[in-house]
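What follows is a set of structures to go through.
One chain, subunit A, appears in both complexes that follow, with subunit B as partner in the first and subunit C in the second.
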Partner chain A sequence: MSVLQVILNSIIRASELALLSLGLTIVYDILKFANFAHTEYAVVGAYFAFILNVTLGLPIFFSAILAAIATGIFAILIDRVVFKKMRNANGIIVMVTSLGVAIALRNTVRAIWGASPKSYNVPLQAPIVTKYFRITPLQIWIIAVGAAAMVAFYILLHYTRLGKAMRAASDNPDLAQASGIATEKIVTAVWFIAISFASLGGILIGMETYLLPYMGFAIIIPVFCAAIMGGLGNPYGAMLGALVLGFAENFGLYINFGKLFNLGGLLHITHRALFIPTGYKPAISFVILIVVLLLRPRGILGKKEER
Partner chain B sequence: MKKVFLLMGAICMGLLLTAAIPTVSQAASPVVIGSIDPLTGSNAIQGADMQRGEKLAMEQINAAGGICGRPLKIIWEDTESSAKGGMAAVHKLVEINKVHVILGAYSSGISLPTGQWTNSKKIIQISEASTSPKLRNIGPYFFNVMGLDEVMGTKLAEFAMESGAKTFASITVNNPFGIGIEIWTKKTIEKAGRKWLVGVRYDEKKLDYRAELQRLFAKKPDAVFFTAYGTESKLILKQAYEMGLKPPKGWYADYMTMWSNEVIPKTAEGIKGLVMGSNSGARYEAYHKAYLKRFGKDAKQTAFGAYAYDATWIAALAINMAGTATNTDKIAKALYTVSRIYKGVTGDKSFDKDGMQVTDYYRRMIYHNGKLVPYKKK
Partner chain C sequence: MKILEAKNIVAGYSKTEILHGVSIYLEEKEVITIIGPNGAGKSTLMKAVMGYVSIYSGTVTWKGEDVTHLKPYEKVTRGFGYVPQLGNVFPSLTVLENLEMGGYTRPKPEVRDKIDKAFQLFPILKEKMGKKAGTLSGGQRQMLGMARALMTDPELIMLDEPSAGLSPKASEEVFMTIADIHKRLERSIMIIEQDAYQSLNISDRGYVLVMGQNEFEDKAEKILTNQKIKEAYLGG
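Right after this comes the complex of A and B.
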């Protein structure tokens, strides 16, 4: 496998993760709690798209957009019923509540759709083959959607009134409210944006693989790792964290550590090829996270807390 | 000839069914046994087939007068294709439903932990679709109606070596079943002086197997052994197709009906391998016809319904012969006798001293145009 293929695989992985970690980090930024239900919303969105695409027969493109919107609205409803009452509660309490919401969502999905895997009506795609890499049209879509979402979020944050209000609410919620910014409206917008993005991420993963009720649990670790690594609360950090993680996971498995130990042939410590076993791929996220936090405890782009 | 076999089978079953009637004094309350099948999850298609096999056997047993004059009732519990689900299922069946005989499970990864627990409680468990050699050590209350991987691994490796391949690799599920296949194929390959390159083990229910596939094909093996449950096989083969990975001498798969109904046909075209169980003879034809009539489906869809059917009959006949549905020592003893007399749909069902199958049947098949067809050497 060529290095270019590994780079491409890393970017695909990062595009999927970025959609999820971005939402997680902006919810943390505005509402000041780590939302453990975040990836479960992605699963709910993926199953909403399944209803639209498979049950109702809509094209996957429209199904994905409608499902992302529906999941965003669903998240606002959950906020009204559960999280709104806890606006002034300790972040730990809200975090534990989100864990409860996560379990409830996961089991509701399982109760409705069962534990068996489901697939979208997406035909098998022949890869585009070049001398150095292969890529399927769906993977090109994943990179494009990921990049478009990041650009859209940048424009929203810097060139719209909502974005400015979001940044103000993030920096100082009390001052923002005193200045006439309706923070509850900001909170509603944040939920909608964060969960719609997460939902898109879930749908893309579902399109590439399949839908399972517990897929949210399977992706929660890398998503949290990416968000924390980039600096929890910083949207650009979340994107960067996803990129670092995507590259670390793919290059971690690609590198022959035997060559590394022998310093490219200068030493003869081992004559064997040494690769990280594929089962340890999730552990790479943790190792990278620990290294980053040891060197930079607030994350790559995290702000220093004022005392 | 067919009629003679059918007649012999019917006489044999009739004798066994009526043998213990006088010794049982209960009224016509049902004899309740449990079953743990993968009704949802990765192996739901095979689980549904197994449930149908058990249901068909139960209905035939009851139509023939039941067990000692009492109807047979099976309580089904879903393992959700996981060991955790399997454990919850056996706990429920034993502690709440108070059953003394349990049929199942599908996969050694589930049969091993559930079997160890049921054996410790002196509950009979008859595994229907598990093949790890480790099953042999569970204990006196555990039985198995399918041949173990020692034979399958060896036969599959012999099949692959006929292709002329010099180098081999395997991708197997990381559980006792998958590891058993890896060990036995590797042993046979190396014994024959061919080269073993790598054995990749993957975890179930993951959302991405590209890393495993890259590692598998890094050393460019001529032929690859492949074992996967339905859901994972669909994704593994799809991702291998998208990555353009195909061994020059082909894929060789064990237990092909584990995945043949779920994969995307184009991604599995040309995979060769083995299917278990006899699919001919009077007993099989009778089963096939009855299955089709009862469920409107082809019994040949997976091999596992027939094994479940045989296990149900063997359990019922043993309870009948023992004259008790609760004394598991007597039922265990009767199981050995019944296994030698009973003519199974899937072939000879004789247990060895460990309650495992003495022999089994393996047919060479190839996946072509979306279905399994008999393999013919060119």
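Right after this comes the complex of A and C.
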């Protein structure tokens, strides 16, 4: 595998992770709790798209957009029923509640669609193959959607009234109220944006592999890792964290640590090639998470506590 | 005409009662100062009037309307303006964005117009318009806090210890600005102060609050010359 291919794979992975970790971090920022149900919403979105695409026969493009919107609304409804009652509760209590919501969502999905893998009805497309890399049209889409979502989010935050109000509410919720910003409206908008983006991420992952009720649980560690690495609550941190993690996961498996130990031939510590076994890929995000928490508990970009 | 009247306010945080029946009022275009020792409940009173602190009993009346249990953002649309003591700006937003947020409830052309006016009133803010509010000095932050609150053209401006943490010179500037705002815009202003000379100097009336209760109230110049009050609350 060429280096270029590894870079491409890293960017694809980062795009998927960014779509998910961005929402996790903004929900944390405004609502002050770590939402363990976040990736489960992505699964719900992926299965919503499955209904539209496979059951109803809509093209995947429209299915994905409609499912993302529907899941955003679904998240607002769950908020009204569950989280709204806990606005003034301690973040730990809300976090545990979100764990309950996660279990409920995961098992509801399994009860409806079963535990066997499902796939979208997507026309098979030939990959683009060159001397150095190979990429499928879907993977190009993943990168494009990821990048577009990040740009859209930047524009939202800095150039729209809603986005500025979101930043204001994040900075100083009391003062935001004193400026006439109704906090609940911001909360509603944050849920919608966070969960729509997460759904797009879930759908793209489902398109690249397949749909499983447990896929949310499988991806929760890397998503939290990316968000925490960049500084929980900081949207640009979450993007950066996703990028770092995407590269770490792919280069972690690509690098021959045997050569590294021998300093590229200067030393002769080992004669064997040493690679991290593929099965340990999920462990990479764990290890990075632990190292970040030890060295920079507030993350690389860390959110400043200014008063 | 009384613009604001708070009657027998009993309020506090969850189970800790801090105000035990405080009453104050404000006439239209009047400036009042509330003084009192630390922990007297001055800030709590202002927060209760604004709607941040739950009021157990008593009423807040705004131009004849009962607004006791309205949320802060609902009071903003009624004409309340509030500059808290801590966190009086949005630190990660630029000065300009802070002002835009102040005008959140207002239509865009009006906001633009108000920003121009704010820059006339606070020329320093125009210079710093693209800078993040977190980089401003304490005095500049206080100016920005007031400018932000003025964006909605409030009929009542509540200032919680505007001189807190400022150098004597900066604090003097802040009070000159407040007097200037009052002269130009003719609004009602309520000020909380610990170091109250400057504040009472620009006020019509004053209240002394002790242990969550009204201790004393009078015309500002009379409080300033009252020997007992002077000794007890104005540091001699």
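Everything below uses one rule, namely that the second predicted complex is superposed on the first by the 303 of 307 C-alpha atoms of A that agree within 3 Å, B and C clash if a C-alpha of one lies under 4 Å from a C-alpha of the other, contacts with A are read in each partner's own complex, and residues count from 1 in each chain.
Everything below uses one rule, namely that contacts are C-beta pairs under 8 Å (C-beta built on N, C-alpha and C of every residue); 3 or more make two chains touch, one makes a residue touch a chain.
Model, not experiment: these values are computed from the prediction.
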First (subunit B), second (subunit C), both or neither touched by A:218: first
Subunit B versus subunit C as contact partner of A:42, first or second or both or neither: neither
Partner subunit A, residues of subunit C touching it in the complex: 50, 52, 71-73, 76-77, 81-84, 86-93, 97, 100-102, 104-105, 134, 148-149, 151-152
Touch list for subunit B against partner subunit A, complex: 40-42, 44, 80-81, 174, 200-203, 205-208, 210-212, 214-215, 218, 231, 234-235, 238, 241-244, 264, 266-267
Parts of subunit A lying in touch with subunit B, wherever the complex brings them together: 1, 9, 114-117, 124-125, 127, 129, 134, 136, 205, 208-210, 212, 214-215, 218-219, 250, 253-254, 275, 278-279, 281
Subunit C-touching residues of subunit A, taken from the complex the two chains share: 161, 164-165, 167-168, 170-172, 174-183, 304, 306-307
